[in-house]
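In the two complexes that follow, chain A is the common piece, with chain B as its partner first and chain C second.
Moving on to the complex of A and B:
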């Protein structure tokens, strides 16, 4: 038993092997049973788990026991006492340590042969190339922002041929899980094929906010009093400090101010727990929902990797509030999605210069706030690079060239990069005076 | 204590102190600690149950290390029960952890009384004959039985208990009971102090919408023989009457709210048919000295509805937020709260009277208990589950229903149900599960088909069973206790969801499924869930037939895409 011991004694993977070594009628496309599939899963396949929290812990366990041999996990958080009711890889004595590191250690200790590499950092700190290195990315996140970020990165890997056909080898599959109390969802995202997060942004409910005048003048609920302390009072009374929701003294102050205000207005119901809930926007969480959702995500990852069973198409909702209810929906891709589509259709004058065209893009409402100093490329060739200076100088002469000169008679797809964009923005240029519309519909088959 | 609160914070926000208390008093027995059982218990231990006892007679084998996180490499060859117990204990030291190194089947024969001591018995990977014995014992001792079976990529869960009652069912969206249609005197009096035609614009835009609706309703009734708006024309007129009061110079949120809430005047919440069934339940009509507190409370509630309530439930007492001055709102809130208190007091009167009549201590049900009951009265739940013997025996009688389900477009539930049960019958005949030997895989397909078909029809061929599923179940070769970890995680956890079972005050666990195995209409709570994770519809339930999606087309197109997506992803 040395460092190389994978623990793979005879019979260990018996049940997985039934799936990988036997043909079935309900399998994924091109599935050919073979022992090499498990070797591939254990030796070559690389999976990234984003988040080592409630879902993340479950995902790491499930993936390791589904036969995945190489797992990376990224999480910026440290362990808190309130994690322990569900994040089963952590113990009381781990409180304060990085989640990713502890989770990786525990899984490797328990499941022999698996390598789990932890990354204790923000997802934005990793270069895009880091994400390119994985065959599949599984998300166990609790914020829309983080999902949007990774979605943009993964969609920016997509490449389309000159005729608008998606290069299938540039697809990085994602499996996403989410839970809130007794509810949850699992979904499979094949960027460019199935809807990305941005295509279905409406799935995420808007956050509740209170009008400031209600908070300031006519509070009626405990939450109003808490938000007053949080959004107004802190800034007025503790001007030099930044509020930190994880600082117990800050939270206590918040609670006491809210309580005073509530008493002043005859409002009952302000508690420390409610104060925390409102200020930190706490989402209730229990172990079993996380387990169910993570299990579904892991199975989908296994199916994508091996095709041993047909996959989910493409969104499963789960509701355990009353009885058990699930429903799987095949959502549709937004053909003009600014993140994953072949390109956002933009009409331009064939004779306008690249400089004029870039100004037109900046002024376009659809990209408002997303572009400041864009760089533009076409079919892998840089048309204009805003930075570094040497490239800027080399490409500057293109600014005065006309679009028809740069893109040809029919226009085409240009990739726009900007510091303000998380990924690449694909713009499909059609000339206004040309008879044809942007060819989004012609290539709809790609979705 | 403070740390405990912090540790359980995220779950306390769901099921509250009562739920947590119920969980902490729970004594759970797990039969077989394969992945299904281990996963179920893991999440109960994390949540903080009182105690658990694992019954398992096996030793840790290599296959356990490919699917069970609660058994480790170092424990190879030692007791599964012992190993899982110690690894589970690590997760939460407040839980009392025990194990018995014996097979559940043997224990059932040697010491059936053993099972009577628990709150909940979770039986995993047991076959029909053992389950029948166990169910009988559990029912004799009023122990809830939870059956979980994982089988390859499929699984089945089932609850069995005589009766499960829920007070605090914590619905997602609370029903607003505001009584605009029939205000009580104190509410009318409170509203009388407001002038909705006041000339002061600031005051005008800060009248709570509840007051606006009460006033406009009052006026409407005065001019319509005391009747409420009865048709769409009248309702539109009613809304016009509200609009006419708005100040065109101001942005008046309260009037917008009044318009949006106007429907509450003519469609107040009624007593749901489900609640009506509870109120009319025989258990509340035939009380005796031993009747559970729940049914005495229900009887008192019924007496209130028929008496003081004049057809209405006791007022819940909370009101939604309304744009207004703090004082007006808080005052209105108080009026509702006071009415709720007086209604609860009236119910309490009935409770005392009933207790006295039954020869029980009139104060044995405390006022806070009654108050709590009244607050949740709208969402009371009673769940009753058939004994397993009835379900297993009834299939023959229900063959028509099963057959028609099998012939329907979505026959996966019926097929999987029959096949998973068929696999047990197969094992009883052949002394092994279908598909364990590669050499007999093909024969097993037709054998299983015949056995499962036989459940439908004596001597039947099983022709109605879809081949895809029969083949798939054989492919799983799931003769062992072991299975796929992720599937087991689901099977183990689905039943723990919203568990009226342990958290008596939270929502009930109504595992949904095939209505054909259901109860008489009066008790019709579907009580088994079978599902298959290998399919696009991961966990299948049939309770929402109307929402069925047409996935066949899109599935086909996804398949063709996927074959392009991963052309060279495997090593050759």
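Moving on to the complex of A and C:
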């Protein structure tokens, strides 16, 4: 024990206490120095780390050492031998074990007093309620899909009052880190307040794809040969099997086919690791980039939790290719974002039919002339689709159903599409109290 | 923000109020966008669409094209569309389910259409892809071959190509490969 038993070490939290027990010029709104803040951080505050890979290991270590007492970590992967150079919580004998489990175990062993609960599963497997339980979510992910998913979950928590004021208690702050080689970003997302992940999706460059016919006819690079084996040859020669990038036999087959093709076209440079890189879309990971980005993310998490300093606004990029360059930008919310925007509030009669409701929307001045043949959906259900005819027919019966039947007692957000609209129109449907406001339709409707 | 967290209790009360309601399916941004694409789809008389998983799964559907001019007149070709959850950041995955003798479609159903891969842009839509597919049947292109043999015949002997296509559509062998009848 001794030296490693940091929980009881004299002055263990001295640096943290400097931040929490002193007033400052750049503290966050409402910050009052008090020892209770550390208690809150260690006893009550719950943080979720998504991803226990390169960034995840750094994040878990940083958060635990920063005084966060209750950490959950979720990761679906198992440890691969190629992770060991930078995912420092793992050892050779851990290869094959779940990352989340091993990471949790190691952090608890090294940092006394912290509880880390592992979840070895996909993020989609957890119910939304699971994510509601945390005060903050820190992302150490490597895919757009996963970020996009968790973003839509936290944005769906947002609730607004009847007058469109955001209920602050429904905000689930997120800190997102990302690295690619020597480059990285750290950002703070306060859903409903700062841009969500989807507001700025355009920041991400499109994936590089090669024309299929180039792959088939005129390969010029090792990547072309690998993609040919991946996209064409597998389907031709192993028709009945689904390719699994984590299956070593599959990957070896892919490498051998690519190598043969490369020899045929006199192309050099196909290696096993390049094959893995191309097929799994891997960019070499740099340990120092992960450390820098995770440090920034953890600090932002600490600021959000304690308000000991005003937070990042709202996106920091880091480029370490030549020296160290960082730049912080305040991105703006997309006011018509299909994931996080409030939507236009509309009062409707709970008993009015979908058909009546759509007529009310068409007549609404705020959408002046932009709606003619709207389609309406609600939470993954297509209530009415104006086209194509086959869907129109399948959804037509909903036209005569009442809104309360389709949306539930509380109303909700519906998405409206129409040819004349540039994007998806979000409409917040609130039911007017028909008993006390007999003319609700007249006052709220056509105007 | 500490004030924000002290509101936690209120949130829990709201959570209870929600209990008893079935959990709702989460919609991806891709789903929201494809809803827009599909609700605005205007199909020509040579094209039709079906939704094998019903009205609430717009991420998977099939487009059937029956060209009424060109080499492939009279044939029926089915394409499966699979929309990624981050559509339109990424292009839909499109495969030809009908085995076809075509220079730009291989025998496994891979389709060489620029906007499906290297030239995909988020401003494009399902409609653009359908136009692209229709165009492939009107103007097969021997410069970008996926089926090398078919491309060579088209380039060197268009008459022969025409008769090969006819044979394949009627259900027969071309170049050692059998093509099921699709007229």
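The rule is simple: the second predicted complex is superposed on the first by the 337 of 447 C-alpha atoms of A that agree within 3 Å, B and C clash if a C-alpha of one lies under 4 Å from a C-alpha of the other, contacts with A are read in each partner's own complex, and residues count from 1 in each chain.
Everything that follows uses one rule, which is that a contact is a pair of C-beta atoms (placed from the backbone, for glycine too) under 8 Å apart; a residue touches a chain by one contact, two chains touch by 3 or more.
These numbers were taken from a predicted model, which means no experiment stands behind them.
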Which superposed partner A:321 touches (first chain B, second chain C, both, neither): first
Which of chain B and chain C A:173 touches, first, second, both or neither: both
Partner chain(s) touched by A:307 [first = chain B, second = chain C, both, neither]: both
Touching partner for A:58 - first (chain B), second (chain C), both, neither: first
Touched partner set for A:101, first chain B, second chain C, both or neither: neither
Residue contacts with chain A in the superposition, chain B compared against chain C: B
Partner chain in contact with A:28 - chain B first, chain C second, else both or neither: both
Chain B versus chain C as contact partner of A:285, first or second or both or neither: first
Touched partner set for A:85, first chain B, second chain C, both or neither: first
First (chain B), second (chain C), both or neither touched by A:10: first
Those residues of chain A which chain B touches in one complex and chain C touches in the other: 28-30, 37, 40, 135, 168-169, 171, 173, 304-305, 307
Touching residues (chain side chain A, partner chain B) in the complex: 7, 9-16, 18-19, 22-26, 28-30, 34, 36-37, 39-40, 44, 58, 61-62, 65-67, 81-82, 84-86, 88, 91, 110-112, 135, 168-169, 171, 173, 181-182, 186, 190, 193-194, 214, 218-221, 265-267, 273, 276-277, 282-289, 291-292, 294-296, 298-299, 302-305, 307, 309-314, 316, 318, 320-330
Chain A residues within the chain C interface of the complex: 28-31, 37, 40, 45, 127-129, 132, 135, 144-145, 148-149, 152-153, 156, 159, 168-171, 173, 198, 201-202, 204, 206-207, 209-213, 216-217, 231-232, 235-236, 239, 304-307, 338-339, 375, 377, 379-382, 385-388, 390-391, 394-395, 408, 415, 417-419, 423-424
In the complex, chain B residues that touch chain A: 3, 5-14, 35, 39, 42-43, 46-48, 61-63, 65-69, 72-73, 90-91, 152-153, 169, 171-172, 206, 321-327, 329-330, 435, 438, 441, 467-469, 471-472, 475-478, 480, 482-487, 489-490, 492-494, 496-498, 507-512, 526, 529, 533-541, 543-544, 547, 549, 551, 554-555, 558-567, 569-572
Chain A partner contacts - residues on chain C that touch it in the complex: 1-5, 7-8, 10-11, 14-15, 21, 23-29, 31-33, 35-36, 38-43, 48-51, 54-56, 58, 84-86, 89-91, 104, 106-108, 110-112, 114, 117-118, 120, 122, 144-146, 148
